[in-house]
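What follows is chain A paired twice: with chain B in the first complex and chain C in the second.
Here is the complex of A and B:
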């Protein structure tokens, strides 16, 4: 009987996750332009990934995006969680606002910022011009495009991380804070010497989650920059997608990129799990 | 806020209580949070206002905050001249059927893991959780080849079934089921109730809070999901809202003002959930770290 209960789930996992994962690993050693005929190329795809300048560009973009996204998201979400936590006036309102972008469709978020950052008719540049600034081509110049993508990525997810950190803050033993306050510690001192150290495990979770999310980013970029300008915001997931749906179609190469992405995500998930075990032990 | 903390802040940060002016800390914090509110709300409001502008206003330099003429036809044309109804119904159908299916099969698996002893249980449970490590993005190409060889591309089932089993859903429901006393199930068995009946009639109703969390997350995720339906729905009549918005935005067939109106309408159900179910969502995230 219990087998019948787990059967539907297991069947789906096997057919749509495990089997494709195995196939993906296999295909990564082949070359295919139609998904039907496969020519063995040995480790050719992996060599191509580490040698091809286009892929190197994608790897560089992804690395820049992930590093900035993770650092900014983590620091800002700590700051926002602390500030919202200390807030007494309209706390619930501000928390709700912070959380709003998390609920929006990433596709719509991309469209929203595409509208706002438009070089000619966007409100941001209108604002900049009104105060005497220029009108930067946010979505037209490669470097600015990457900045825009990082900014919007943080904008989308900040509320998510802050919520987890706020829960962590609420888990801190009140009596510790009260004892410190009684000993005459100022609020900034309490934050620095008690709250932040106690928040370390949660911060670590945020760092790891943000890294995983960073590597998986795709949706909002699709409508924000579409990977442009000039491929400057093409990250690894879009690269994988393009190898199946955009010329040059290369199923094998895309699968190999998938295997590498898997290894990265696996490492960070495992790290999260091991640290979780350690947390439980304490 | 405790008295001690208040006293501490009274010492160092000037007083919070009574009719005295707010402290520097409060002013700084509130200013900061108001700035945050602006950075989050202003783009969304701008976008909503844009959806009421006609083509001339949308191209105006410098841009106008309010439309010169409120172009409500952006909205009516989305229905009349373009396929908004179709995309909307596709999204509703996929989201609701997928959520029901997810609840059913995830709670079935959760029940087996929580309330049965069977060979391979722990192994299968670990395997279920391990599925988190293989997100769609990493198996994008092979899973596409698998679903197309199964003939699931351009079908509703192709959008619904492959993502219906979720490790986090199983996990949340199982944890909740562990708190249901075994005696209850034993008693029902003695009364001669069948195993599936016990699950459906006794256990499931007791798990309502956990099911609600899983349902809310499933609805949110499915409604906003993009990459999976993008792979499966290649025919326009199957587009869900995110796919339609992303793909129509890139074409010149549908004018930008119509895309704007469609986008705004597509976020209304989510805003509704945001207003009425925020508490559950926030708690769900805080407890599980999923989204």
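Here is the complex of A and C:
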């Protein structure tokens, strides 16, 4: 009987996730320019990826993006969750504002920030110029381009992570906090010694989610910078997209890169999970 | 309303008359049978649906297509489902659909070389001599490389070239050019920029195809009609062309953000030209309809700059029917219908396209407005050097070669490599691409 209940969900999961993943793995051992004719190449696609000089740059970009994205978004979402949790006035309004970017289409996000960050006519540079800050090429200079996509990535997901952490915060037994306050603990002490340790399981979830989101980032970046300037914001998913869908089309190579991405995300998720479990055990 | 209905009836009648007329003129029977639907075909087509995978540069193209589809439906009793696709994902979506076994019946494409294996052999349905109805050379990209059979139809001819903002030129006291070279173009752009305080002096589409026009002016070509890499023999000329454009971008006199800040995406400075931020916009005749609709200033198409050569760079859009179609005869007939004299003339007039049919070129298309602009493009089409058509001998590689040139231009603009290095890298890339043909 329980299997019957999970059957519809499993059917969808198998059809749209498991089966395409298996097919993707299979295709990674073939060369195909049209998705209909497949020439077996063994591990040729994997060798081609590791021999491709652009891969090192893509790996570096992805590593920079994921590290900064995960750290900044986790820290900021904890801070925002704490602030929102303490709020007395217009609670709903501020939570809605915080969550709003999550509801925007990634394409819209990319277009909005493309306008905001425009070097010549963007409002941000207009503001900077008004206060004598010059007009940085946010989308033209490679380093600034990376900063811009990290910022936008954090902006998009911050609300989502904050809401999860907020739920975690509200699950903390208030008597513990009240007891600490009665014992004379200051607010920073309460946060450091009670709230943050009790929030660890939720924080671990955020870390795992942020790592996955970080590695999977593509849509808004593609709209915002197209992977430029000069490939500085080309992350692994765009590498996959470019190989699979831009001329010259190489579905096999794209699939092989997809398999590698899966293995990276799987390894990081497992590592996060195991480290979290270990800390819990201690 | 009555006039519209009458026009529609006339168009249908004209189409039938044309078909009948072609039969009467003694064309081969296979062709005649393909051109005029038989009663049995009409009965078989009734209620059948075909999908038309379509993209448009202007609203006029879409409106005209919808009206022509309505006429086709009345004529055949079949239904046409119009799938309007954004240009930027034209090939991505089509590749995915073909791979998933969800091919459309007919598509409007700009890179038909990618779909050679999927394209319907039109000769089977429209006759061997059908290709001769189009301009010589225009069918090169839709001719099967081995069977030499027609697998698509050139739907419109495009010619690259510059537009200027006439109001800005007048304000700056710079005469509207009737002939010029690249040095004069750059000087004029800078002068207008200085006088009007515009953001930029010049802008060009982020496209290797458009840059190839400038290279052609300087006498540099990439592939010849015999599928040989000819860039090594003209590399110094290519460097000159690349340098004259990239220098403007490096000096911030052209919108470098559009090239550097958009990664591997296509981008056009149309909005920049419409916002009067640049007095010169290098694109092509397909922009006329959109500019005519949206420009709040006087603009004009002006001749391409002439160095060793003048003229434009050949391009165009093609109609392709797919061999996966469940009703291939209906798909072929729809393609034939859209590309017949009456429909093509109507589309050319409404959307400011250049015809690909030999009869229309001979009689000339009378545009209701923007006649002078279209005249400039027609004149430049005639001046386009024969060598410019060479790259069409490798239809499966043109996209790769143009995209690589675009990416190398971006690197030169960003100061990562020099024009000389860009040309050498392009030479090596073309060699590697051509080698794939010989595998």
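The criterion applied here is as follows: the second predicted complex is superposed on the first by the 247 of 282 C-alpha atoms of A that agree within 3 Å, B and C clash if a C-alpha of one lies under 4 Å from a C-alpha of the other, contacts with A are read in each partner's own complex, and residues count from 1 in each chain.
The rule is short, and it goes like this: a residue touches a chain if its C-beta (ideal position, glycine included) is under 8 Å from a C-beta of that chain, and two chains touch if they have at least 3 such contacts.
Keep in mind the model is a prediction, meaning the values are calculated, not measured.
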Self-check item: Joint occupancy of chain A by chain B and chain C, clash or fit
Solution: clash
Practice problem: Could you say whether A:237 touches chain B, chain C, both of them, or neither, answering first, second, both or neither? | Solution: first
Quiz item: Given the superposition on chain A, which partner contacts more residues in chain A: chain B or chain C?
Solution: B
Quiz item: A:119 contacts which: chain B (first), chain C (second), both, neither?
Solution: second
Quiz item: Does chain B (first) or chain C (second) touch A:222, or do both, or does neither?
Solution: both
Self-check item: Which of chain B and chain C A:246 touches, first, second, both or neither
Solution: second
Quiz item: Which holds for A:35: it touches chain B only (first), chain C only (second), both, or neither?
Solution: both
Practice problem: Have a look at where A:187 lands relative to chain B and chain C in the superposition and call it first, second, both or neither. | Solution: first
Quiz item: After superposition on the shared chain, which partner residues are touched by A:178: those of chain B (first), chain C (second), both, or neither?
Solution: first
Quiz item: If you stack the two complexes on chain A, which partner ends up touching A:255: first (chain B), second (chain C), both, or neither?
Solution: first
Exercise. Classify the contacts of A:137 with the two partner chains as first (chain B alone), second (chain C alone), both, or neither.
Key: second
Exercise. Overlap the chain B and chain C contact sets on chain A and report the shared residues.
Key: 35, 120-121, 222, 226, 251
Quiz item: Can you name the residues of chain A that touch chain B in the complex?
Solution: 1-3, 5-6, 8-10, 12-13, 15-21, 23-24, 27, 35, 80, 83-84, 86-90, 94-108, 110-113, 115-116, 120-123, 126, 129-130, 155, 160, 163-164, 166-167, 174, 177-178, 181-182, 184-187, 205, 209, 215-216, 218-219, 222-223, 226, 237, 240-241, 243-244, 251, 254-255, 258-259, 261-262, 265-266, 269-270
Quiz item: Contact residues on chain C for chain A in the complex?
Solution: 91-92, 95-96, 98-100, 111, 114, 117-118, 199, 255-257, 260-265, 399-400, 403, 410-411, 414, 416
Practice problem: Using the touch definition up top, name the residues of chain A that touch chain C in the complex. | Solution: 34-37, 118-121, 137, 139-140, 145, 222, 225-231, 233-234, 238, 242, 245-249, 251
Quiz item: Okay, in this complex, where on chain B does chain A touch?
Solution: 1-2, 4-5, 7-9, 11-13, 16, 22, 25-26, 29-30, 32-33, 36-37, 39-44, 46-47, 50, 58-63, 65, 104-106, 108-109, 111-113, 116, 118, 121, 124, 127-128, 131-135, 137-148, 150, 161-165, 170, 195, 199, 220, 223-224, 226-227, 241-242, 245-246, 249-250, 259-260, 263, 266-267, 270-271, 273-274, 278, 281-282, 285-287, 289, 291
